[in-house]
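Got some structures for you, see below.
Both complexes below contain chain A, partnered by chain B and then by chain C.
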Partner chain A sequence: MARIIVVTSGKGGVGKTTTSAAVAMGLAKKGHKTVVIDFDVGLRNLDLILGCERRVVYDFVNVIHNESTLNQALIRDKRCGELYILPASQTRDKDALTEEGVGRVLEELSKDFEYIICDSPAGIERGAHLAMYFADDAFIVTNPEVSSVRDSDRMLGILASKSRRAEKGEEPIKEFLLLSRYSPERVKLGEMLSVDDVQEILSLHLLGVVPESKSVLNASNSGIPVILDEQSDAGQAYSDIVARYLGEDKPHRFIDAEKKGLFGKLFRGK
Partner chain B sequence: MSLLDYFKTNKPSSAAIAKERLQILVAHERSSRNQPSYLPQLKKELLEVIKKYFDVNEETISVSLEQDDERETLELNITLPDEDHFKNLNSTKTRGK
Partner chain C sequence: MSIDSTLISNQKVAVEIKSSAFNIPALILSSHSIVEIKQQLQKKILQAPEFFKNSPLLIELHELTEQQVEIDLRSLIKTLRSLHLIPIAISGATRKQNSIAIELGIAVQTKHILIEPPVVEKIPAVEEVTEKIESIEPLTKTVSEIENKLIMQPVRSGQRIYTKGDLTVLAPVNPGAELIAEGNIHIYAPMRGRALAGVQGNTKSCIFCSDLQAELVSIAGVYRLSEDFDKSLRQKLVQIYLHDQTLLIKKL
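And now, the complex of A and B:
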C-alpha cells in the first residue's frame, strides 16, 4: 500500500511544485519507488520543474478518461529510475478530474508505488480538493508572510473536514509544516515572521525550513529539482526534510542568521 | 547597542504586527469554521423578528454555536440600542401591557 502525500498551501507561488519535485526526487533517491502527480489541470508545470516537458505524450486526464493506460502516461525520470511523473493535462479544465477517476488512478498506483505525491494547484477549487481528498499525509507549504499563513490555516480546516479520512471518520491526515522562502536575516531585523511565530499560529509539526535561495530559480531554469543541487542551502534543506519525514533525526538548520565576522562583513557583505 | 534597543522597543517590528494580526484573524476564522451552515440564515431570521420590536441592525446581533464535550450551546447576543431607542422600547413594552 502506498502512502499518499499531498503538497498543498491554498496560496499560490509559495513553492508547492518546487517542494513536490524535490521531495519526490529525494524519496526516490533513497530507494523508494515514488510517483508525483500534477493536479494543476490546465496549468501544468511540474513537468517543467522536473525537466521532462518534452517527454509528455499522455496525461492524468487521459488516464482518468481511459484514453490511455497508466503506463503510457507515466514518465520515468532519467536521473533516478525510482521516480515517475504523471503530468497534468494542459488543454482540459479542472472539471475533467472526477473523484471516482482520481480514486481509481490512485488505487492502481498504490499497487506499484511506495509513495504517491500529489502536487496541488493553488486555491480551494476542484483540483486542490481532489489533490488532498485521498491523502494520508499533508505537507503544508507556507511562506513567513500574512496571506500565506492565513491560507494555510484555511487549508488545515479543509483537510480536517473535507478529506476522505474526515468523511469516513478515520484517523485524520497527518499534517506537516514546511516553511519556505525563509530569510533568517530579515527575521533577525524583525521584518519577517519567525519559525516560532508561524508555529505558534498554525501549531503544526515542523518538517523543515527552506531558506530563500538563488538555487531554487537556478534549478527551475534548468529543469533539475533543487534537491539534486547538493551544494545549495535549499537543496540541503529538502534533503533534511525527506530524511525527517522518513523518521531520521536531523537537527533543524537554516533558522538562524549566519554569524558574520568583521572580515565577512567587509568582504562578503550584501 | 542600548540606543538601538531604545528605538526597537519604541516601535513594534512589522513582524510583531503581522503576528498579532494573524493571531486575531486566525482565531476568528477558526471559530466560524465549525459553524453549521444554517447559522447565517438563522441569524437573518432572528434579526427580522427582533427588528419588529427593537431598532437593531446586523452588527448589533451575534449568533454563535459553542461546542464542548457534553453539550452544544447556541449563544444569542443582542446589543441594545442607545437611550433614544430605549424610550421607544419602553413605550412598546408599556403598550404591550
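And now, the complex of A and C:
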C-alpha cells in the first residue's frame, strides 16, 4: 500500500507546488516509486515546475471520467525513472473532480507506487478538500507571516475533522510543518515571524525550514525541481526534509542568521 | 403583590406558573413522505449533530393540512425520536391528528383555524392546558441533562465547539476558533479565539482562562472585544463573569 501525502496550506503562493515537485523528486531519487498528482484543475502548474508541460496528453480529469487509462495519463520523468506525474486538466474546473473518482484513481495508484503526493490547490473548497480527503500524511506549507499561519491553522482543523480518517474514526492524519520563504535576517530585524512564533500557534512536527532563495524562482522557470540544484540552500533544505520524513536524523539548518566572518565581510564588500 | 401570594406568604412557595417564551425549532413539513423527511433531516442533522441532539421540536403541519394531505403522525413521531429529536407539540394539524398527538403525549397548538368544519363540541381548554404541562416534562428533562465536554486537542481556526454543559479545554484555542457553552468555559492554555458562555441565557455562567488573549468573550449575550480589555489582563489568569448586566474580567 502506498502512503498518500497531501501538500496543502489554505493560502495561495506559499510554495505548495514547489514543495510537491521537490519532495516527489527527492523520494524518487532515493529509490521510492513516487507519483505526484496535480489537484489544481483549471490552474495547472505542476507540469511546468517539473518541466513536462509539452508531454501532457491525457490528464487526471480524463482518468476520473474514464476517458483514458491511468497509464495513458501518467508521465514518467526523464531525469528519474521512479517519478511519475499525473497532470491536472487546464480546460476544466474543480467540479470535474468527484470523491468516488479520486478514490478510485488513488486506489489504483496505491497498487504500484510507494508514495502518492497530492498537490493541493489553494483554498478550502472542493479541490483542496478532495486533495486532503484520502491522505495519510499532510505537509503543511506555511510562510512566516500571520495570514499564512492562520490559513494553515484553518486547514489543520479541516484535516482533523473532514478527512476520511476522521470520518471513519481511524488514526488521524500525521501532520508535518514546512516553513518556506524563511529569512533569518528579517526575523532578526523583527520583520518576519520566527519559527517559535509560528509554532506557538500551529505546534506541529517541524519537518524543515526552506530559506527564501533566488534558486527557487530560477528552478521553477526552467522546469527543474529545486531539489536537483544541490548547490542551492533551498535545494539542500528540501533534501533534508525528504531525509527527515524518511526517518533520518538531520539537524535543522537555515533557522538562524549565518554569522559573517572576516571572509564573508570581505567578499560581501565586493 | 397579588392576593394569592399574600395568602400563602407564610408557606414556602413550591410552584409558580409564569409565562415564558422558549426558542424552539419548528419543523415545517411540505411533504408527507416519511422516507423523504427522514433523509433530508438526517442531512441537516449531520451539519450540526450536537446542535440537534435531543433538541425539542414543534411540528408545523399547516401546509399539509391546507393541501388536505394527512401525514401518518405516529410514524413521523417515531422517526423524529429515532433521530434523537424530541417533538413536543404539533401545530396546524387536523382534528384526528390532534387526538393522536395527545395520545402520544405531544401537546397541540391550536392557534390557527383548521380547514375542517368548526366543531361545536370543543375540547375543554383546561384539558388542553394539562396536556401541555405534561408534555413539557421531557423538555425540562433534556435541559437538566447536563453534558460536559473535555477537549485535549488544539482548537484550530474555524473550528466551533458547542456543549450544553461546561466546556473544559486543555489545549490552545487559536484565533478564529469558537467555544460555545450553555454553562461555564474553562481554558487551561493560551486562549486566542472566542469564548461564549451561558449562551442560553444563564447569567451565572463564567469563563476561566489561564492565559487571556481572546478575540471576544461573552456571557449570556453580553460580550466584550479584545480591543476593550485592560492591558494588564493580557496573558493573565482571569475569571470573566456578569455583574448587573456588566461583563467583568477579574485577575485571579
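Throughout what follows, the second predicted complex is superposed on the first by the 263 of 270 C-alpha atoms of A that agree within 3 Å, B and C clash if a C-alpha of one lies under 4 Å from a C-alpha of the other, contacts with A are read in each partner's own complex, and residues count from 1 in each chain.
Note that a residue touches a chain if its C-beta (ideal position, glycine included) is under 8 Å from a C-beta of that chain, and two chains touch if they have at least 3 such contacts.
As the structure is a prediction and not an experimental result, all values here were calculated from the model.
*Asks:* Which partner chains sit in contact with A:E191 here, chain B, chain C, both or neither? Use first/second/both/neither.
*Replies:* In the superposed model, A:E191 contacts chain B only, not chain C.
*Asks:* Where does A:E167 make contact in the superposed view: on chain B (first), on chain C (second), on both, or on neither?
*Replies:* Once the two structures are laid over each other on A, A:E167 reaches no partner at all.
*Asks:* Should A:R150 be classified as contacting the first partner (chain B), the second (chain C), both, or neither?
*Replies:* After superposition on chain A, A:R150 lies in contact with both partners, chain B and chain C.
*Asks:* Between chain B and chain C, which makes contact with more of the residues in chain A?
*Replies:* Per-residue touch count on chain A favours B.
*Asks:* So, A:D256: does it touch chain B (first), chain C (second), both, or neither?
*Replies:* A:D256 sits against neither chain B nor chain C.
*Asks:* Please work out whether A:E125 is in contact with chain B alone, chain C alone, both, or neither, and reply first, second, both or neither.
*Replies:* neither
*Asks:* Per the contact definition in the header, classify A:S203: touching chain B only (first), chain C only (second), both, or neither.
*Replies:* Touch partner of A:S203: chain C, not chain B.
*Asks:* Which partner does A:E99 contact after superposing on A: first (chain B), second (chain C), both, neither?
*Replies:* neither
*Asks:* State which residues of chain A lie in both footprints, the one left by chain B and the one left by chain C.
*Replies:* The overlap between the chain B and chain C interfaces on chain A comprises residues 150, 153-154, 157, 161, 200-201.
*Asks:* Quick one: in the complex, what on chain C touches chain A?
*Replies:* Contacts found on chain C: 153-159, 172, 174-177, 190, 192.
*Asks:* Touching chain C in the complex: which residues of chain A?
*Replies:* Answer in residue numbers: 150-151, 153-154, 156-158, 160-161, 200-201, 203.
*Asks:* Please name which positions on chain A make contact with chain B in the complex.
*Replies:* Residues of chain A touching chain B: 145-146, 149-150, 153-154, 157, 161, 187, 189-194, 197, 200-201.
*Asks:* Touching residues of chain B toward chain A in the complex: what are they?
*Replies:* Those residues of chain B that touch chain A are 8, 13-16, 18-19, 21-23, 25-26, 29-30, 33.
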